[in-house]
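Letters A, B, C, D, E and F name the chains as they come in the text, with residue numbers starting at 1 for each one.
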Amino acid sequence: MAEPLAYINGEWLPHREAKISIFDSAVMLGDCVTESTRTFAREPFRLEAHVARLYDSIKVCRYDFDMPREEMLALSLEVIERNADCYAPDEDLWLVHNISRGGYPMSGDQSAKRVPTVMLHTAPMDLTYWAAFYLRGCHAVTPPSRMMPAQSLDPKIKNRSRMSYTLAELETKLVDPMAQGILLDHNGLLTENKGGNFFLVKDGVLRTPRTLQALAGVTRQATLDIARDLGIPAEERDLQPYDVYTADEAFFTSTPYCIMPATRFNGLPVGDGAVGEVTIRLLDGWAALTGVDVVAQALGQLAEAERAELFAQESWWTRRTSR
Amino acid sequence: MAEPLAYINGEWLPHREAKISIFDSAVMLGDCVTESTRTFAREPFRLEAHVARLYDSIKVCRYDFDMPREEMLALSLEVIERNADCYAPDEDLWLVHNISRGGYPMSGDQSAKRVPTVMLHTAPMDLTYWAAFYLRGCHAVTPPSRMMPAQSLDPKIKNRSRMSYTLAELETKLVDPMAQGILLDHNGLLTENKGGNFFLVKDGVLRTPRTLQALAGVTRQATLDIARDLGIPAEERDLQPYDVYTADEAFFTSTPYCIMPATRFNGLPVGDGAVGEVTIRLLDGWAALTGVDVVAQALGQLAEAERAELFAQESWWTRRTSR
Amino acid sequence: MAEPLAYINGEWLPHREAKISIFDSAVMLGDCVTESTRTFAREPFRLEAHVARLYDSIKVCRYDFDMPREEMLALSLEVIERNADCYAPDEDLWLVHNISRGGYPMSGDQSAKRVPTVMLHTAPMDLTYWAAFYLRGCHAVTPPSRMMPAQSLDPKIKNRSRMSYTLAELETKLVDPMAQGILLDHNGLLTENKGGNFFLVKDGVLRTPRTLQALAGVTRQATLDIARDLGIPAEERDLQPYDVYTADEAFFTSTPYCIMPATRFNGLPVGDGAVGEVTIRLLDGWAALTGVDVVAQALGQLAEAERAELFAQESWWTRRTSR
Amino acid sequence: MAEPLAYINGEWLPHREAKISIFDSAVMLGDCVTESTRTFAREPFRLEAHVARLYDSIKVCRYDFDMPREEMLALSLEVIERNADCYAPDEDLWLVHNISRGGYPMSGDQSAKRVPTVMLHTAPMDLTYWAAFYLRGCHAVTPPSRMMPAQSLDPKIKNRSRMSYTLAELETKLVDPMAQGILLDHNGLLTENKGGNFFLVKDGVLRTPRTLQALAGVTRQATLDIARDLGIPAEERDLQPYDVYTADEAFFTSTPYCIMPATRFNGLPVGDGAVGEVTIRLLDGWAALTGVDVVAQALGQLAEAERAELFAQESWWTRRTSR
Amino acid sequence: MAEPLAYINGEWLPHREAKISIFDSAVMLGDCVTESTRTFAREPFRLEAHVARLYDSIKVCRYDFDMPREEMLALSLEVIERNADCYAPDEDLWLVHNISRGGYPMSGDQSAKRVPTVMLHTAPMDLTYWAAFYLRGCHAVTPPSRMMPAQSLDPKIKNRSRMSYTLAELETKLVDPMAQGILLDHNGLLTENKGGNFFLVKDGVLRTPRTLQALAGVTRQATLDIARDLGIPAEERDLQPYDVYTADEAFFTSTPYCIMPATRFNGLPVGDGAVGEVTIRLLDGWAALTGVDVVAQALGQLAEAERAELFAQESWWTRRTSR
Amino acid sequence: MAEPLAYINGEWLPHREAKISIFDSAVMLGDCVTESTRTFAREPFRLEAHVARLYDSIKVCRYDFDMPREEMLALSLEVIERNADCYAPDEDLWLVHNISRGGYPMSGDQSAKRVPTVMLHTAPMDLTYWAAFYLRGCHAVTPPSRMMPAQSLDPKIKNRSRMSYTLAELETKLVDPMAQGILLDHNGLLTENKGGNFFLVKDGVLRTPRTLQALAGVTRQATLDIARDLGIPAEERDLQPYDVYTADEAFFTSTPYCIMPATRFNGLPVGDGAVGEVTIRLLDGWAALTGVDVVAQALGQLAEAERAELFAQESWWTRRTSR
């Protein structure tokens, strides 16, 4: 298949040649805002919401950026279109926007007008890393480092200065190489994952932290919308580790996997240690909303042997598929 | 003159071609550690200290990096050597190290071993932006955003996830387009500038914040060393805006400019509003230590007219040079 | 016209003679509680609510104060009545209550019973300072200093120890001499202005910070009441600078001006940079509630030339008045 | 004797007529800086240090104030001189400086230039309230409210917005009507009293909190100077309630009483519950430094019966005077 | 009457012999979780909720505990049954569960599997200490120490490491030997009492702090349930001392006394200083829910003289009983 | 050998019978202060310092305790003496003091005078758990939970309400079953271990956290004394995880093991990953000070096979013993 093309400031470059200067402020300062959208059956999901948030990030970061929003939307669709044949027909795609402030003035004079670097690219929606989590749940772990406070850098600005997330995620891997981090803020409240939001279910009610110290995720919002449509009561509220230890169910949400069940928390089972009923209903809701069963999609990406091994274990999915 | 070469993972590339993949974790995650060293009369200043700190950053960030420290030192010198003729003979150089964790795994599986991206480059030591500050001092301003706490990301790790610094610096420009930011921590203590440390002088004593929430700058340490050699008492201690308002002198320290006097603070004069005696003694100490008078170097880079305009104003420098 | 009279502990004194001892605890300790009420068409607005809050402040400050509340209400009306003819017939009035703990015991013995100093006065409702803001909006700015925490001094006690507000407001003037400050608390949440509350509008919903670290303003409450009556959804919730940067509209509320639109925030436009629809509806609601169009009142106080200049600029008001 | 005169902006007024407008910003905003100096044998103590701090406060508060410092010193001495005969020959005096920002602009326009209100007055150095404390020590109590953080209002600015101190002091009186408050900061560290600093002695070492959240008291500094001269090791360091509970001695310092021993802390004895040796040495040092035995001065102000009752109790003083 | 029996790990021991090893981790580490349930007319109240919370505590504390929940319920009832005749027929009982982690490994090796120590006992429901509070209300006082933050130890884990509560409660006794403490968290928000929750009533609305820093009390929940059934609007929300000072009513809730009215707060009356209407309605609701009038029960336990003295004072109860 | 005797309020009981009532406040409230002393060659080490701290704890906790300090010292020696023959001649002992407030008043009336429960016991100084750490170092890990702040419960009060330590230690075991926890405070500063202090060595300087949020350990102080005697510069100062990652050496101190080297920190090697030179010098200093080589003592307690396995690995000890 053809190599996909990335868009960089007006140029279309094959991925292997998709490069930017080491003097770009994305490299020199992590000064880059971003969005990650995925397709379902090749339709981008809530692209308008992603682009709207991108423009919010650009505004708050004070970039000198004048591409109209409609042009960005059109360009986004063009990137998907141009790369359509680079992926298998049944494959879905990532669409990634990275926009940096542009060149970095080594001289200290940052008042010079700079032209932002606009980078768009696609990637195959490879879900193999998360596939087993749908059936068995992942292990959520709180690292010792604390979420960056919004008065230092607001996580609602989706940006690429993510060293603090990366280091915290590596701390969680000390507990379990497959652990997924859930960061606490400086008061010990749950915030978010390095790239997703967190939910729990208690006595039938869906709960997720407020977005004071977390991204207001598009997938998070879609999950709240699905819950509302399914009649599942939901609320945003401050949550603590105790709430997860005593929850019935828990999961992460993020663009690629939609919902990633968490069945262990800091070494203890969440609820009965299996993926829960509300989680499954929400996953079904996601399938209904998008027309794509993301669980089946993920499992379909596994090698035969891996899938067989997973299916040999009892799980909600094996129960469902055996019906 | 020839275009300088940058070193990127074994390749030597002219600056215009010095690029990295948009999929590099430097771009995708701001996952990059860094050092900036300068030369004085083409001799790199305390290069060993910079490289030692670089290796500390690499360790704390848990990069899979096995280049021996000696090799990095040799490579550093080689970069300078190779580019020696690309700059005017009397020009000094920046030497910049950027080392990222390597490629970014779009798939979520971050356990795959990754090869760090090693980037070294030089740049001319252009001091024109700061030149006037040596004579008149700059305007130090505290932005409303707060320094990122070390329990979120320790600033002693010199890294490229600098969005929080950039946004705070832009806030200071609202007060004065030439303002230089001095960030407060979440308790209101002075920390550091986006790229430098801060000092003040009160009753003959030199004071600088502890490095709990600030980089332990090489230039900061050198300035403390110079003070010790000159018999100027110095101490690290918690400082607050009140201390600057009531100080006799204040200045920033950073690699390129060594010492940048600050003669205004949040709109009020520091001391009598002129560059102070201790600051001048320390600048003289810097000249003695490095063999280069950085003030003369900076002024020499100005256009004739600018320099003339500066000299038309009374300042310690005009007094000195008129002697 | 006659000089207005101020009431001071039973005496009626012309303003020029309205003085208190420099040994009063209002002067010596800022130990004074206060209320500011205004009239609309000479009718005091929610005077009972102001007096109720005054008595709450007196209680929490533990003053030895035994004037019955009804007497205070009667006295308040009397002050307005007595001064009725001192102002132009179409002019509205401030009514200000200041009550200090009384004399200050230089000797250190603060157990002696002290007689509170009761001061009431009126002032013309001069809106010229704010008039242009109704049409063009003001510039809201967050200063670096932080709101005093309620565990140090609860802002719900309306009191005259306001140095922290004054200094923070002066910091905002560094950005723009006409800037209006909006203070952040020590977690970076929006609190209040030196003398008013803050609201924003996002996707049709009106939002204002909780009163944990802010005065529970009478004008704030009236604005929430108007919103309820107009069917505008409203909520108290924690707000951050990001919320203002990405809001559609924003405004301050305070006794004199009711609503002061804010169309810039830290140098960036709020929404499209013009006074918004919800703000205008609420201003109309204020006119309906009070029988006074405060915008017209303010504009009417401007000199002809100023008003003409304002009207020469396109704004919602010129559109309205041109209909 | 004649009634003393107060100085108010160029006028000399008998105390009963020493008044300021209720529209002064001292009254309306607590916007007033201050100093309190005392005399020893009619010599003002470290008046230069007090005036220097006053000018620091004026600067940080950004008053438009242009009286030269020398003029303020001269004026200060003149106030004492003019009132010299208003007090008994063996009586010492307070000298109080209050300087407000001037008139308060009811109109909201605070940009108008304002003339500061300069108020100087004297008062008899009445020590009767504290006299017994010298012999028996006072009861230091920590109130539940917390010291205002410096990032809200720096206590090093000596100012008259003191409501938070007053309310906290009233909380301490709930424990004991004669209790003297010692405020904790928001981390639970000891800071200062409503009008003085705090010291403790442990194993022969004198310790006092840093001035991050406390006034840098002139009396505090003088006490440190005396300790140095007496060879008593002393250090500024973070202190907690535990340190007082387990201290050997404790005391407050402030202008009028110099040193006020504290022999109980939150209901428990400090050390053996008696005034300690180091405290007594420091009091002796104060007598040596100033030429006035402040303990004798205070006791001399008591009524005969009170003094007799005090002397009937065993204390260090009765032991000393019985020698 | 017979001496009651306590259950300790399978043994039934008379109270005087009910002992555990001084090497148990309950003694050595305060490593013990707990519940306190009471009976109404000998029926245990919401025993299932208490046991459910006990098992939550056991889980979060990671005890190696395998007794099925049903067995614990049965055992709980057995303890009450066995001791039924040890108390007067009209007397109600406490049922207390204490479960420690088991033996303490002096050797440092805490990995050895340990058998938890299960202790259950009863006690007479002696309400004499609180009886007068029902009629006159208690004095609620905020101590200077701060509630332990949940990120250090979550109070929702009901456990026996209660030194911080005990010391804070002793601080409140400095104000008033009969004071009941209400702890503030490190932001100055109200949390809980050493063994109960706190409520206030303002303008007809019942308010209680969130459970971020407080036990989610069973009695608290029952009180919220009663309010809902009585149509009294209720909300969980952040509360501050100001809210209590200006409340109409206030009370504590806890297992033994259900509701303990608080009519003074830090020395000031709450509302009019008498037990309020909503409080009385809720107490009536408690009687209806449980079939036991806890106020009558408490008063019935007083000695005749004490009761007579109480009744001689006007109170809501005397009004009720005189009807 | 005979079973050792424990002292409990005047009685001498064999350990198996050494019990206290389940109604003791040690059990019911974790209301118990404590000390743990060890012997070296059967001589108690700094027993006076331990008893002095015990009496400080008793005072701060406000126990009604009147046993003279000398009596406690004598009793302490008697416990050791009485049990002398219960241990092997070459074995050293723990001496543990536990003193609770006494009985727990179920009735809520905590004003009744209570008799403290005094418990003293011995235990063999079993060092097998730590033995290998002397040679290879342990793995220090920071748990996500935060140290309890001193304003909630000061760790300088050595007490038995240790649930927060226990839960945090269990969190560290998730990383490594043999991990030793080092708790961070709420600002991310290093504090202490569940039962010991922490030190690091950097560039030849010994550093340990201040005791604001940590016990002022007797072993910690002895280690500082040894360093002083050996000429090793040492300082108390705020330390962060970065300081451990970049340290040359690190270790814990506690009564039983004196010094426990830490050679890994959160999965990364400390220095070169081996026990360092300064640590070894300090261990030698401990041997010199106490007359007991604690390393030899610990190794001597291992089974032959374990010891052989340890010696098969290269370490400083094998190098020393092979000399």
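Throughout what follows, a residue touches a chain if its C-beta (ideal position, glycine included) is under 8 Å from a C-beta of that chain, and two chains touch if they have at least 3 such contacts.
The model shown is predicted, which means the values in this text are computed figures rather than measured ones.
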* Structure fact -> Touching chain A and chain F alike are B, E
* Structure fact -> chain B to chain E, mean C-alpha position gap in Å, rounds to 59
* Whole-Å separation of chain centres (CA-atom averages), chain C against chain E -> 44
* Rounded to the nearest whole Å, what is the centre-to-centre distance of chain A and chain B, using the mean of the C-alpha atoms as each centre? -> 35
* Structure fact -> Each of the following residues of chain D touches two or more other chains, namely 60, 62, 145-146, 149, 151, 157, 184, 186, 188, 241, 267
* Asked: Touch graph of the chains shown: is it line, ring, star, complete or other?
  -> other
* Structure fact -> Listed by label, touching pairs are A-B, A-C, A-E, A-F, B-C, B-D, B-F, C-D, C-E, D-E, D-F, E-F
* To do: Mind listing the chain F positions that touch chain A in their complex?
  => 141-146, 171, 174-176, 184, 186, 188, 241, 266-267
* Structure fact -> Contacts from chain A onto chain B in the complex sit at residues 6, 8, 15, 18-24, 26-32, 60-62, 94, 98, 101, 106-111, 119, 121, 123, 126, 128-130, 145-149, 151-153, 157, 159-167, 169-170, 173, 177, 186, 256
* Within their complex, state which residues of chain A touch chain C. => 56, 59-60, 62, 149-151, 154, 156-157, 210, 212
* To do: Spell out the residues on chain B that touch chain D in their complex, using ranges where they run on.
  => 184, 187-189, 238, 240-242, 245-246, 267-268
